[in-house]
Amino acid sequence: MDLRLTEEQQQLVEAFASLYADAAPSDRVRSAEPGGHLPELWDRLVATGAVEMAVPEDAGGGGASLLDLALVAEQHGRAVAPAPLIEAQVAGRLLSRLPAGADALAGVIAGNRLVTVGVRPARDGVATLVPGGAVADAIVALDEDRLVLVPVPEGTRHVVNTGAMPLADIAIGADATELATGADALAAYAIALDEWRVLTAGALVGIAQRALEIGVAYVKERHAFGQPIGGFQAVAHRLADRATEVDGAQLLTREAAWAAAEDPQRAPELAAMAFGFAADTARDTTYYALHFHGGYGFMLEYDAQLYFRRARAWAGVLGEPRDAYRRVSDLRYAAVGA
Amino acid sequence: MDLRLTEEQQQLVEAFASLYADAAPSDRVRSAEPGGHLPELWDRLVATGAVEMAVPEDAGGGGASLLDLALVAEQHGRAVAPAPLIEAQVAGRLLSRLPAGADALAGVIAGNRLVTVGVRPARDGVATLVPGGAVADAIVALDEDRLVLVPVPEGTRHVVNTGAMPLADIAIGADATELATGADALAAYAIALDEWRVLTAGALVGIAQRALEIGVAYVKERHAFGQPIGGFQAVAHRLADRATEVDGAQLLTREAAWAAAEDPQRAPELAAMAFGFAADTARDTTYYALHFHGGYGFMLEYDAQLYFRRARAWAGVLGEPRDAYRRVSDLRYAAVGA
Amino acid sequence: MDFRLGDKSEVLRKEAREFLREVLTPEMVEECYRTGVMHNVEFTKAMRDKGWLAPGWPVEYGGQGRDPIEILALSEEMARAGAPTYGIGTTMMIAWVINMVGTEEQKREILPKALAGDIVIALGFTEPENGSDAAAAATRAVQSDEGWTINGSKMFTTNAHIADYVFMLARTDPDAPKHRGLTTFLVPMKQEGVEVQPVFTLSGERTNITFYNDVFVSDQWRIGEVNAGWRVMSVAFEREHSAAFVGEQERLLDHVVAWARETPGEDGLPRIEEAGVRERIGRAATEIEVSQLLQRRTAWMSTVDLPTHMKGSMSKLFSSERLERQAADFVEMLGPDGVRGRGDPTAPANGEIEHALRHSKGTTIYAGTSEIQRNIIAQHELGLPRPK
Amino acid sequence: MDFRLGDKSEVLRKEAREFLREVLTPEMVEECYRTGVMHNVEFTKAMRDKGWLAPGWPVEYGGQGRDPIEILALSEEMARAGAPTYGIGTTMMIAWVINMVGTEEQKREILPKALAGDIVIALGFTEPENGSDAAAAATRAVQSDEGWTINGSKMFTTNAHIADYVFMLARTDPDAPKHRGLTTFLVPMKQEGVEVQPVFTLSGERTNITFYNDVFVSDQWRIGEVNAGWRVMSVAFEREHSAAFVGEQERLLDHVVAWARETPGEDGLPRIEEAGVRERIGRAATEIEVSQLLQRRTAWMSTVDLPTHMKGSMSKLFSSERLERQAADFVEMLGPDGVRGRGDPTAPANGEIEHALRHSKGTTIYAGTSEIQRNIIAQHELGLPRPK
């Protein structure tokens, strides 16, 4: 057992922390609302190889492990960064596993094509609430048992949403290209979804962790009835519970990411666990971080609400934590829908 | 709107409070375990007319309203009284609505026959976990679409249970007498069950209320780190939440009992609400009342655990609060199973 | 016992529903959302015409002499419909204070206008540096020739940008104990030195921060005795028996049930057929019943002259906490569509459920945070030592 | 990163499972339930034969030199099987203290017997008037000729009735600040003046209250310096990296899953097919994974010499709170059958789920209540002011 990051991983974390601090401070996050996309940030991410790194080396990418990407995702979440990085990384990896995806992948690696992925199968020919869909050039979607590459039409409408994400509902039109069909398509999509679960869990851990820091800093500073409000047990104990859950969510998410390569048998189960628990944790942590700001937490001018909204929406586009827990039970105990 | 009790109701409450204080102090409650029946208490209850009062006047009883009975049930719960009063009252009222129940009813009113009721339909010919079944002479049970009076066989086994209740699994044998069949049976049973829900809710309110008093008294007296532990917000705030819920559960249960006569259309819905909410409240209140006793709460010698166990079991023989809430939805919005 | 509100209340409730159907147009509701302002002149005038600006005031003061239970029925319907009553509420609260402790001149000047719906009065209690602890107000009022010079700032002065006055709590004796050095003033807003900056919030509601820079207020606008401001405050709140959110809870559940009935699940059946959905809806319905009972109890207690302080805290605490939890739970229950926001044409229930998630978060904060309510209940209802 | 416990741990885990299958007979388990005593001589001897009484002690002191991660695998299996290790735990904890701070004579006398499983040492920290605040101990030890006279009482001295010694925290200088006037003693139990009264508990476990009436303890049995008792206590706890209940959580879930697979619901299908049941099982499985990771982290941290204090609190807090919630939730999930108690032949899962409901309630209380753990985390992990 070893819970330390390698030196390379530490450098990776620091590099992205500093990229986000520089390119996505909270005032820019705020000004990118409601569309939720910051082109300068996206360009920086592409330039630094954040998408390319996710693609395996034999497909021309950087060959980062899912654990490396999860560490980046934590930083992404800490910054509540307005850029569809996780979806683009997952789409890139997915394309790399599909011979028919080579062309699109080339554009992704070259950095001149933004491709994301719909995280639920299309319904009635429409991929709904596709993360990054409102700003992507194309998306990968599962339509029945076909994986297709769908060019995003001009003028695709951004769906207004709680988390100021660049979401869109995208109809799978005649110009969609088939990438895979049948069992191959389903298997590739299942892997992609698990990767998305883990990386989104990583981002949710980052959201929760940063929200906790913001909340703790506030209650240390704010005084009421002659003392810092962080000295009241009603405040301190709720935050202690959250700190515990944040630590747990981080360990679990890192374990799930690690397992993708090191313990593939447990990886799907751990991905569902991490997604459900990180979503619960991000929701509850951002709740209290905001709540203990009192009226200030309710102000758009304060950062707490940025985290509060995204904690709910980033997870919400896939489904609620209860869905994830049912999936855990199914994967582990082979009941319904496993 | 008037939330005051009448003078008669106040006298009723005081009379039963004093009966229980006298006949069922906590050391006797404890000594009646695990069987959960205190014959002297039962005799006192019968002698004071506690069963008879529940039966309508035109059937030879005292004609108490369900609200009156709910007030008695609150006192019953406060004392965690080891006697199947609620089941006997409900059975008496049920028998009074069935012509074929006249004989049995006569014995109930005369006080020489203890009849209770199974609160779930029999399964495979067995009425399971019948409250009071281990000490009853007979029970009323629903077997498919037949309501039957079942003599309790000699040597019926007491089911060991969390709440030290006199529960039994009772097979419906050849000596069972038919009381009603078809729609009549189902309708009469439905009313009886709603009455049992309301009265049990009343008892759960009593449990919660008394447990809160016990918990509050303890945290006022117990000191740690130089102050009464009730002065710590971690303690005080949890108890404030419980006090609020206890008040709410009492209002709701009284409303449900009142509605049986005054607002029959809403009565079933309110009965389900009261049962679910009182069960939640009793569970949570007894939890904290015990918890804030620290190690002492864990000792059988202290009263907190008496309440903790009964809060769970008295409600549990019907089902969990979630079932009650589903029923509320069904009754109100006419979905499944209404 | 009698759990009916009574005929007068039910008649009033029916009348309110008809009124709202007629007067509260979708455009008006939409305007509230768009501007974030819960005050509408046209709506206020229509309320005035019904006599509903001061339904609880005695008839001799221009009210309808209704009891707190009738008023509850009225306000529950207003909240359930999402009517813009916030400005009416603050204005009439302060008008009542003036009616009770004001000078004849103040009454002459303010009451007719308030009762006519012609003026708006905003509340200036909270400051940037004090929230829950209103008595810690630091805004100074210094006596000068025939008046007072005010310096300081007030936070969350909702409606200040459309208000004629801010009813302000200011420190007039910095050397006295904190509750004894305060005085209340009705500060006219249209004057030099007053600055109003908008503050936008998570729910879309607009509030303000207001700054007072050498603002002169004639002694005519001092309300109550000098240094008796804290007593005046208690007059302001004595008719507020609780700030529960039953109407909001009901509105949310209405939307959720409609959604669950018309939205098919994966099996093609309406989602209200699912065990989990039924459970969540039934739980919310139960909590609403409890919220309503707790609120009605405080109203009823005030009709029989029982003190409502702790019971009002229970009502506010329970209702707001459960509203918040319900909104969060229902947004999750909607599944991915739950993230579609109010304002988007594809949002379920016109985005009302998503909006409730954001709106409800404020209800456990303003009008006394949940933590303050729990302190009150612990200390005054349970007799615990004052929590620290 | 590497989340594997490592080969040595997995080998040990397998060995532990085999050992438990062989040694821990149903009769032995049943005896624990019946007597409420989590100590069994036969089991202890079998543990000794495996070298598992002191697996983490250095080899030169009679241990196996295993690292904290291996020990975790071992203790997790013990807890999952419900093995009677409580007496072993307290005995070896104090044996280690003696190994570290005891005199040569004390070591000679105690260590071989402890390592042989021949003696039981109970803990005497808590008193009737102090729970969470152990340093407030009031039991007095007064120096007399070549020894000490002890008067007072200790609460929750589990196993005192079968113990050879109680390791006692006693006040030796009532005038010193509360942490500085304490001394620790190993009090032989078989002597005049010692009285043990049984205390029965909600879970069925038996503990004791012990009274000390002019009990003479020779100075030979003073452990550590006079008035240095609080320092000695820290030695006792320094190897306790966390008191998590992962094994208990796993045992509970094992029983629940078996029940859900074999029990038909109203539709005749196994209950594990129900959405609600799947959700509750999956949530518990997730929380167990988190409990395990938090616990393993503290063990791992100690292997790389990182301080584990706050992280141990997190592990204990999370694991015990979730165990409690899971037990309550699962009992409700069983429906009415959930009230059938351990000991009844009709109880689902042999009553283990019902028993877990009662047993789990203690886990958030002993070894530092959840409130104490939250105080520690708030103060030391988050840097908040010391909560009051």
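Order of writing sets the labels: A, B, C and D. Residues in every chain begin at 1.
In this section, a residue touches a chain if its C-beta (ideal position, glycine included) is under 8 Å from a C-beta of that chain, and two chains touch if they have at least 3 such contacts.
The structure presented is a predicted model; accordingly, all values stated were derived computationally and were not measured.
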Chain pair, B-C or A-C, that carries the greater number of C-beta contacts: B-C
Per Cα centroids, the chain farthest from subunit C: D
Distance from the mean Cα position of subunit C to that of subunit B, given in whole angstrom: 40
Intercentroid distance (Cα basis), subunit D paired with subunit B, Å: 38
Chain centre separation (subunit A, subunit B; CA means) in Å: 50
Of all residues in subunit B, the ones touching two or more other chains: 232-235, 237, 322
Set of subunit C residues in contact with two or more other chains: 275-276, 279, 371, 374, 387-388
Subunit D contact footprint on subunit C (complex, rising order): 274-276, 279, 388
Residues of subunit C defined as touching subunit B within the complex: 1-6, 69, 257, 261, 270, 272-273, 275, 277-283, 285-287, 289-291, 293-294, 296-297, 299-301, 303-304, 311, 314, 317-318, 371, 373-375, 377-379, 381-388
Touching residues (chain side subunit D, partner subunit B) in the complex: 126, 130-133, 136, 155-156, 199-203, 276, 328, 331-333, 335-344, 346-347, 354, 357-358, 361-362, 364-366, 369, 371, 374, 387-388
Residue ranges of subunit A in contact with subunit C within the complex: 120, 128-129, 159-163, 165, 167, 169, 223-225, 232, 234-235, 283, 287, 290-291, 294-295, 297-301, 305, 308-309, 312-313, 316-323
For the subunit B and subunit A complex, residues of the former touching the latter: 232-234, 237
